[in-house]
Amino acid sequence: MIDAKEIIARRVALELRDRTLVNLGIGLPTLVACYVPAGISVAFQSENGIIGFGEPPPDGMEDPHLTDAGGGFISALPGAAAFDSATSFALIRGGHLDMTVLGGLQVDSSGRLANWMVPGKIVPGMGGAMDLVAGAKRVVVAMQHTAKGQPKIVEKLTLPPTSARRVSLIVTELAVIEPTDEGLALRERAPGVSVETVVASTGAKLLLDGDTPTMSIECERVAA
Amino acid sequence: MQEGISAERAAAMIPDGASVMFGGFLGVGSPERVIDALVARGARGLTLICNDTASPGIGVGKLIEAGCVTCVKASHIGTNPITQKKMISGEIDVELVPQGTLAERIRAGGSGLGGVLTRTGVGTVVSEGKQVLEIDGESFLLEMPLRADFALLRAHEADHFGNLTYRLTAANFNPVMAFAADCVIAEPDEIVPVGVIPPDAVRTPGVLVHHLVRRRQ
Amino acid sequence: MQEGISAERAAAMIPDGASVMFGGFLGVGSPERVIDALVARGARGLTLICNDTASPGIGVGKLIEAGCVTCVKASHIGTNPITQKKMISGEIDVELVPQGTLAERIRAGGSGLGGVLTRTGVGTVVSEGKQVLEIDGESFLLEMPLRADFALLRAHEADHFGNLTYRLTAANFNPVMAFAADCVIAEPDEIVPVGVIPPDAVRTPGVLVHHLVRRRQ
Amino acid sequence: MIDAKEIIARRVALELRDRTLVNLGIGLPTLVACYVPAGISVAFQSENGIIGFGEPPPDGMEDPHLTDAGGGFISALPGAAAFDSATSFALIRGGHLDMTVLGGLQVDSSGRLANWMVPGKIVPGMGGAMDLVAGAKRVVVAMQHTAKGQPKIVEKLTLPPTSARRVSLIVTELAVIEPTDEGLALRERAPGVSVETVVASTGAKLLLDGDTPTMSIECERVAA
């Protein structure tokens, strides 16, 4: 039995395309790197200044000059490139990033994402999220469908938006949803999950179009 | 040719109330020895310009904890609960700036540009009170250049001219901050003679660096 | 992983009428082999974005001489009398851009910024027809981002991923142009396996480079 | 007997200060590097991307990747730093350049410089000149006092200005003149040149203040 986060990470991984540059947000999105489909070569960017990093190094081999955007030790893959923060965001803002995967607190019916603060409760700051949503070619939100039983997909954001821009895709453990001009289109449902369950767990109107196919989560876990 | 100064001397040069840029990303690439010396001398009223406030006990997190700071301009403070607490209590004034905008505002401050025009933050609270320009039918936020009294950098190598190199993700904000302060102090891991760093390996030209922190005695 | 293409193949990819950025400063750091191939295929109607037009027989000067060019955006054409002559005869339309503004407009085009705010050119003919913004009591010219269909770079080393290094003053506009075109083609002096260029020595990340020109057979 | 250009270069060299960053324009200004006073250490920047360059290399030792802004071969001194054009002009525009020495076609009574085109005759382009005048801390114009017998220092520019900014100092083979709020102040006259000669060769009003001292051109030529 796989858990919600693994379902999400596996499904998002199927969005990866060969020879692309991808940024994974901290937390759940980071898991996506474990499920890169076979035959697909992806360059991962970490916004603190590197393209081409991999798994944490063996114990005792950590380099204090080499961490990811979450502060965890990483390794550099052959062909890696390091750069400063201005260059890193020139890549992000300039449209050179093919895809970013970000966590979410809310997405609304217009496809706007909120993921950086809960007023009066927690104000961590936006870090690179606002630039990532404004600049990446595709923005995929990877988040659990509900929080404490409450829908995170809502008619209208009650939290401050991260960007005015519409995200490209929402992947949860229940469904794949695509924001469109007409509204939120339900594209896939998770294995064993009914359309009714998805609709009941969603706080915004979903556009249904005939049969909703079951999402694939077939990709293999890449060995660490 | 530079004469190396001690971390204590560097900390003594920075008066209470100064605005200070600190390189570093969650403490990686931060000038830890000068930070320790600022804590030791009991600095007060500093304005910090940095990507984040790291964690308690790490990087600029030490300055937050020790009460050296009254104002922070950063993109992220979520990894330091003390910053959160002091922000809520009103002890520290926090301006949150998107990370790419922060880098670019510092770059503008260091390169004589009048501001930054970015899509980032349009339609969010970040745009409040700021000018929005319509350029070719699209909206861009006008963000102001950022400069500071001091920039405290962490470098990998420095030569006696102050030419600097950085390693991997420890570069982060350091190279861009080197342009944007009235006084630039670099704390290198290694100090090497002039000519050891090849011209193409220099990431910060020594003409930008006013003082080098010497190696531990 | 890149497959090396010939200079002829590169030239064939660039259609007549395309806008093309060329690295190089008076021919130093220019992609000479692709330039030769463009002349050989008889390219026509190109818009050149480059620092200068070098001299007859050197760098982009060859394209000017061969009649490949109808429009030039550059900071300096004084070293090439043929450019001067064709400008006066109306064969080539020349837009002169201050060198720092040219670099910054290309950087803006490549990094998603809406424009450049600079003091350079205020009160001169360069400001004609452009918006002047008052920021904190000072006048800044709003200069527009520059992008092109192609960027043709000259690099020192390239690895098979397209990571690039440059040597000394041959870098000039190459690194900034790497961000600002829909298709980026690099002509390196040397091609080395992945892993040979250390991450901190990479000046242009390979993800920006679409094609590498192979070594002469 | 030394010629006009050498007088100008020698006098400008006395404006160099220890531990400063200086950009020398193409042509006459380049000569200044030959007369750096003893005990003064200056870093020269070439706007095509290097700080710390020196004399041309020995015959056969030229590096095709290493030239100055005029396209001539140079050598790199120990401690040199190379960078791209965006960084080079961040240095220039950002106020990091202590002094620039530029040639001039005209300077007017308000201290504005024209040095980049003669409409209808020659349009070489401004290259880096507009950024240099706008950004350097001090702008020194090094030019011959007259051209074909006509004054180059004029009441009002007839050529297109390089910048709205007032230059810091004008050095010719006849005089040193400082643009001030009140107008052009005659500071020094060349050895053997009378104030009357300077005034007669100048197309703008000069402010005279008592005795005009003779300019020093004492600095030694630095061995090539």
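The first chain written gets the first letter, and so on, giving A, B, C and D; residue counts start at 1 in each chain.
The rule is simple: a residue touches a chain if its C-beta (ideal position, glycine included) is under 8 Å from a C-beta of that chain, and two chains touch if they have at least 3 such contacts.
The structure presented is a predicted model; accordingly, all values stated were derived computationally and were not measured.
Trainee: Walk from subunit B over to subunit C along touching chains and report the minimum step count.
Mentor: Minimum step count, subunit B to subunit C: 1.
Trainee: Return the chain pair with more inter-chain C-beta contacts, choosing between C-D and A-C.
Mentor: Of C-D and A-C, it is C-D that has more C-beta pairs in contact.
Trainee: Between subunit C and subunit D, what is the separation of their C-alpha centroids in Å?
Mentor: That gives a centre separation of 29 Å.
Trainee: Measuring from the mean C-alpha position of subunit B to the mean C-alpha position of subunit D, what distance in angstrom results?
Mentor: 35
Trainee: Quick one: subunit A and subunit D, Cα centre-to-centre, how many Å?
Mentor: 56
Trainee: In subunit C, what residues contact two or more other chains?
Mentor: Only 104, 107, 111-113, 118-119, 166-168, 171, 199-200 qualify.
Trainee: Please output the residue numbers of subunit D that touch at least 2 other chains, ranges allowed.
Mentor: 50, 76, 82-83, 89, 92-93, 134-135
Trainee: Could you tell me which shape the graph of touching chains takes: line, ring, star, complete or other?
Mentor: other
Trainee: Per the touch rule above, enumerate the chain pairs that touch, sorted by label.
Mentor: Here the touching pairs of chains are A-B, A-C, B-C, B-D, C-D.
Trainee: Would you mind writing out the residues of subunit B in touch with subunit A in their complex?
Mentor: Those residues of subunit B that touch subunit A are 25-29, 51-52, 74-79, 84, 87, 94, 96, 98-104, 106-107, 118-126, 156, 166-176, 203.
Trainee: Which subunit A residues qualify as touching subunit C in the complex?
Mentor: 21, 41, 43, 50-52, 76, 78-83, 89-96, 134-135
Trainee: Considering only the defined contacts, which subunit B positions touch subunit C in the complex?
Mentor: 104, 108, 111-119, 133, 135-136, 138, 140, 142, 144, 165-168, 171, 199-201
Trainee: Residue numbers of subunit B touching subunit D in their complex, please.
Mentor: Per the touch definition, subunit B meets subunit D at residues 1, 107, 110-113, 159-161, 163, 179, 194-195, 199-200, 202, 205-208.
Trainee: Across the complex, what residues on subunit A touch subunit B?
Mentor: Interface residues on subunit A, with respect to subunit B: 46-50, 63-71, 76, 82-86, 88-89, 92-93, 122-131, 134-135, 160-164.
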